[in-house]
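Heads up, there are several structures right after this.
Across the two complexes that follow, chain A remains constant while its partner is chain B and subsequently chain C.
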Partner chain A sequence: MKFQSQAVAKPYFVFALLLFALQIVFGLIVGLQYVIGDFLFPYIPFNAARMVHTNLLIVWLLFGFMGAAYYLIPEESDVELYSTKLANILFWVFAAAGVLTVAGYLLVPYAKLAAFTKNEWFPTMGREFLEQPTIAKVGIVVVCLGFLFNVGMTVLKGRKTVINMILMTGLIGLAVMFLFSFYNPSNLALDKYFWWWVVHLWVEGVWELIMGSILAFVLIKTTGVDREVIEKWLYVIVAMALITGIIGTGHHYFWIGPKPYWLWLGSFFSALEPIPFFMMTVFAFNMVFKRRREHPNKAALLWAMGTGVMAFLGAGVWGFLHTLAPVNYLTHGSQITAAHGHMAFYGAYAMINLTIISYAMPIIRGQGEAAPARAQVVEMWGFWLMTVSMVFITLFLTGAGILQVWLQRLPDSGDALSFMETMDQLVIFFWLRELAGVAFLLGLICYFASFFVGEKTQTIATVDVR
Partner chain B sequence: MEEWVGQQWHRWVVKHTATGHAESSVELADIRHTLTALLASFAGSKQLTIQTAWPIRFPHAAQRWQFLTGHVRHSLAWLSSDTLYLPAQVNYFADAQQNRDLYFWWVALAAHWSSADVSWYQKNANAMQSVLNHLPGLKQRWPALLAALLAQRPMLSLLNPIDAQHEQRVQKILTTPTFHALENTAEVLPIAQRFVLPVPLWLYPSPVADEPAAVINETDPMESTPNSEEKKTIQGKKSARRVTESDDKHGLLLFRLENLFTVADWLNVQRPEEDDDDSSNDAAHELDQISLSRQPSKTAAKVRFDLDLPAQAVDDLALSDGILLPEWHYKREQYLQDHCCLVPMLSREATEQGVPEHLHGIVRDVRRQFKQWRSEPIRRKRQLDGNDIDIQTWLDLSTEQSHDSVWPVYTDRPRIRASRSTLLLADVSQSTESYVNNRPIIEGIKDALVVFCEGLNVIHEPFSLYAFSSIRRRQVRFHLLKNPNEPWSDTTRGRVLALKPGYYTRIGAAIRQSTKILLDQAQQQKWLLILTDGKPNDVDHYEHRYGIEDTRKAILEAREKGIQVFAITLDPDADEYAPHLFGAEHFHLVTKNENIVDLLPRLFRQLSQN
Partner chain C sequence: MAEVFTKTAARNIYIGGSVFFVLFFLGLTFETTRSLPQRDHRENLTEAVAHGKMIWEENNCIGCHTLMGEGAYFAPELANVFDRRGLANEEAFKAYLQGWMAAQPLGVPGRRAMPQFNLTVQEVNDLADFLIWTSRIEDNNWPPNIEG
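== the complex of A and B ==
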């Protein structure tokens, strides 16, 4: 490590991975509840398990981004982190807030949780992904502000590189957009309008900046390509992301009440949204092929290239599948949405976090530039298992979605099946999805195991002496 | 308005409560020598030095007015274990002679001071008694002095009972110095809240701390030194204390809630210097104790909003504000005067380093090669012409009785090479961060420089070494690695090894500065070797044709002035522009298979043979 203060990233990464594991466990629970409706009822009802699954995703990704920032900003700026003490304090505050929130979801009925946290004073609960009690949201804002201050002072003190500045822009945007979660209009149309300012402008806006800068950093370090080349790529990617993504928010405004011009604006701009993801794929592959050094961390390179591909497929391709208004008219809120959501989140944000963890953890743990070859092999097994499983999850859900549209949406109102009837017809897909989910869990276990695989000398060879 | 009123009040009150007689004051400076001599003769075996005391304040039972003015400062004499502190000025009495006598009395008291374990009152009494017994001259003048002293004492009726008791004791001691053994009489004085009015005659314990002050580190070169002409010194001395700079990262209070700061409050507020010298001097006069702390860098140096550069506190050290250099605009066909600002810099992180381990072998080889190459050619004997006579050959020929008409009896050395000064200019732009042959380019450059300089150093070849990178025309960073007159040492090697990838490549300005440096050298031959890894290119318009033309112009200027320019380039595309820039014969493109560490010494030898 260039600077000792980069080591504050380690607790963030470790906790992120723990939450990731927990997220998958709850994902399996929810998936099973699709087909065995009263699985774990009344202890963990479906709504609670779903909340836990989605909230854990967001929180572990945030932990991952913070860890990534703490690792790469001192190195890019060429100075020590402004305050390691603050970073550690914020870690514990955020972790406590997260644990308490999830515990609240699980242990108490949601209405009781709302009453207990005095939601009525300033109501922000009850919206998808933003189910956290208001006080937890405030805690998140405080943690984010402290984090931004810490890394911001570091960047101001040190060198301002393109990667630094874009990462800071993305992180500041993340914090600012989260403030919209506090705006909770009673008008349902407005509510939904602004809800997307948090969700869409996060995942199809500022989070792309964060993802792009982390990817650029890993590529510079592992390929030894000239920084200026990578910087130029990054600028163009980020520009395209913002150009397409900001007005592309309109693809969420088709049916909730705003004017019909959103049908055109949203379709057009969001149809172009795959472009930055496509560029990221080409970017990653090009840099790796043009690399000027053989970096020992092959796993990190694999993750980097895989992120590009999966992000493009999940966010770009699957997103495009249902982004045009005429298509969306039929598929809105169907299993196609779930398919896209899973692959997009995994491919873009889960994988970029796993990429930076794969690159940085061996260095932070003192293993050198890369984990031992055997550990990398296990890690790459984990990569393939998880990625292929996710592809299958997505395919099965897409199949389910197509059948659902065929049965529930397309026919005339007299012939269309009801929601529950349709679900009964989709059971096979849900079982297959659950199976793929189990395979994903196996991949995750493989990935975790790779952290504990040591050097070759650890194996004890027994020789039969005759 | 309030300030004016306050000042009027201050002046009025001070006038009314001043107790000094300014017209009959005596300065220590005038009689210091006399006092030193007297002290030496009185004190005998005791080693005492005289130092200047400063006015100190302490609460004492006295006229109430004096509290209001803050005028409660007294010039008193102190005695520590080895030093007698005397006030710079004495104006207690209307009679100047008596003021002078006071100095003599202090010296005498200090000489006769006993270190017995008795009360301070008793010590003074004993000392007075001793002086009166041993120094008849002072005894003669004692009554007048005593009368003057007693006249200044406060009236007992004006004091509260406890203070009155103390005052009574003081007056008793003054009038009868033979007053003995307070302790024996069991007359223990009650504890008073305040001191008695200071007795000018008596010696007070020294408030100076005995521990030595911490050593001041050498000043940070970043600190701007104030103009010495404008500094005003404060008369006399001030007590001072050294405080550590408080870590301004602590504390969540971003501002102080009180708006009025007193002068004495020391707050680690870093502000631009708006106070003029006068007010800070006044403040210094007012303060009893000046707190010193080292504040190495201003706020502006800690944080930088410039979108390119790191903050001054962590960046390399700029050695000057910058040298302005022209730039050639190829379209206008004229120089843009003072267009670039070249800033000489020293690396902040450079430490003294020996030859790195992985280079030991090659350094040894290169040193050997250079030495061999430069070893003196053998003096040739039996020459027909030369600078010296070959005696041996002459003897041989004489004894041989040779019949040649011309005797080759001279020795000759081949002509001594003309002296040469080499300047190696290395490009450390951002692109040196990328990799070549599995190593960052900057590492290869550093290794090559170290090895090359080791070689040059061992044959005592004069050389200098600089590195550059630029951020627009306002900062062409010119890193000093080794000046021409500096010896090659661990320090210079450390600077080379501390090189980091920089910014962009404005070669033209760097070449012009290198030309200037070379022209200053006394040697006949001047060489400029440029080590670059890419085209001239900077963030502003300095690129493509513009950059190349300016660089070319700079090289032509150098050649006109008699400097030979040679370039070693790591850019695989150099064939496109390098012949135009440097001349077809004057550059070398380092191919993938060549190692610049080997290449540089070899090229140098080849060049010097041509």
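== the complex of A and C ==
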């Protein structure tokens, strides 16, 4: 490690991974509820389990991003972190807020949680992904402000590189866009319009800046390619992300109130949204082919190339499949949306976090530049099991979605199957998806196990002592 | 290529492109907030509708259902449930919703189960008013048919 303070990233990474594991467990629960409708009812109704599944995803990704920033900003800025104490305090505040919120979702009915946290004083709850009690949202803002202050001061007193400037822009954008979660007018059409400023402008906007800069950092470190080359790529990638993604928000404005011109704008710009993800793939592979050194951390390189490919497939290809307005008219809010959501989030944001964790954790843990070769083999097993499982989850949900559109959306009103009748027809796909989910969990177990695999010589040494 | 397309050029595309599209988006947002009143019929947004939205939110209905196609995909679309189950008749729909909410959970083994939310008659009426109001937002004729 170049700077001692980079080690504050460790609890962030560890906690992120624990939440990731819990997210997968709840994913299996909701997946099972898709086929056994009353599984765990009334103890954990579907709405609570799904909320835990999606909120844990958001929170673990935020923990991961923060860990990534605490790790790479001192190194890029070439100074110690402004305050490790603040970073440690904020870790505990954020962890406590996260645990309390999830416990609240599971232990009491949502209406009770709303009453207990006085939602009526400042109603922000009950909107998808923004279900956190208002007080928890305030907590997130406080943590984000403290975090931005800490990393911002570090950049200010140190070297300003393209990577840390773009990462800062992404992180500030993340915090600013989240403020729209506090705007909840009684008018549903207005509410939805600005709800997307949080959701879309995060994942198809500022988060791409965060992803791009983390990827660029890991590629500089692992390939030894000239910084000038990598930074030029980074500029072009994030330029394309914002040029396509900002007006691309329009693909969410087709059917929720805004005027028909959004059908054209949203279709056109969101059809271009695969470009930045495609460029990330080309970027990662190119840099690896042009590498000037053989970095011992093969696993981190695998993650870096994998995140480019999977983000392109999940966010790019699966997004494009249903983004054009005439197609979206039929697929909006179907299992196609779910298919896209799963692969896009895993490919882009879960995997970029796993990339930086794979790169940084061995260094933080004092294993040198990389984990022992045996540990990397187990980690790569985790990579392939999780990634291939996610491909199958996506394919099965896509199959379910196509059949759903065929039965429920395409026919005229008299002939179309009802939603519930349609779901009965999709059961086989949902079982297969659940099976793929179990395989994903096995991959996750492999991945976790890789942290506990030591070098062969050490194992022999222990045996000898005995 | 490296000499023709410099890092400065790349940076300028990034900054110029983002600023241009942020401003364009703000302009479109300004236009949308101006034109939205004709499409969301906000003149009919009564106290009951607003209260209904709050009940919708505080019971996390979006955790299972979609509303205008957004939400969870576990239970039926509800932005057009007024047309589907109430046959676009307000009184009929309110009577239907009262009966439906009171009957939950249905207790059919293996069937997806909706919790009992213990709402008052007034609360169910307000929820119905919210769903009726929502069904009348101009949404470019989505969904394609009555099943949502």
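Points worth noting:
To be clear about the criterion, the second predicted complex is superposed on the first by the 457 of 466 C-alpha atoms of A that agree within 3 Å, B and C clash if a C-alpha of one lies under 4 Å from a C-alpha of the other, contacts with A are read in each partner's own complex, and residues count from 1 in each chain.
One rule holds for everything that comes next: contacts are C-beta pairs under 8 Å (C-beta built on N, C-alpha and C of every residue); 3 or more make two chains touch, one makes a residue touch a chain.
Fair warning: this is a prediction, and the values are worked out from it, not measured in the lab.
Once the two complexes are laid over each other on the shared chain, residue contacts for A:Q367 go to neither chain B nor chain C.
In the superposed model, A:S186 makes contact with chain C only, not with chain B. By the document's definition of touching, of the two partners only chain C reaches A:F46; chain B does not.
Shared-chain residue A:R293: touches chain B; no touch with chain C. Between chain B and chain C, more residues of chain A are touched by C. By the document's definition of touching, of the two partners only chain B reaches A:D78; chain C does not. When the shared chain is aligned, chain B and chain C each come close enough to touch A:E228. In the superposition on chain A, A:M153 contacts chain B only, with no contact to chain C. Where the contact sets of chain A with chain B and with chain C meet, they give residues 228. The touching residues of chain A, counted against chain C in their complex, run 30, 33-34, 36-38, 41-42, 45-48, 50-51, 109-111, 114-115, 119-120, 123, 125-128, 131, 162, 184, 186-193, 228-229, 231-232, 235-236, 238-239, 242-243, 246-247, 249-250, 253-260, 262-263, 265, 329-330, 332-335, 337-338, 408-413, 416-420, 422-423.
Within the complex formed with chain B, the residues of chain A that make contact are 77-79, 83, 153, 156-160, 165, 220, 223-228, 291-294. Residues 249, 302-311, 313-314, 430-431, 433-436, 438-440, 500 of chain B touch chain A in their complex.
Residues of chain C touching chain A in their complex: 2, 5-7, 10-11, 13-14, 17-18, 21-22, 24-25, 28-29, 32-33, 35-36, 39-40, 42, 45, 49-50, 53-54, 56-64, 66-77, 105, 109-113, 115, 117, 130, 133-134, 137-140, 142-148.
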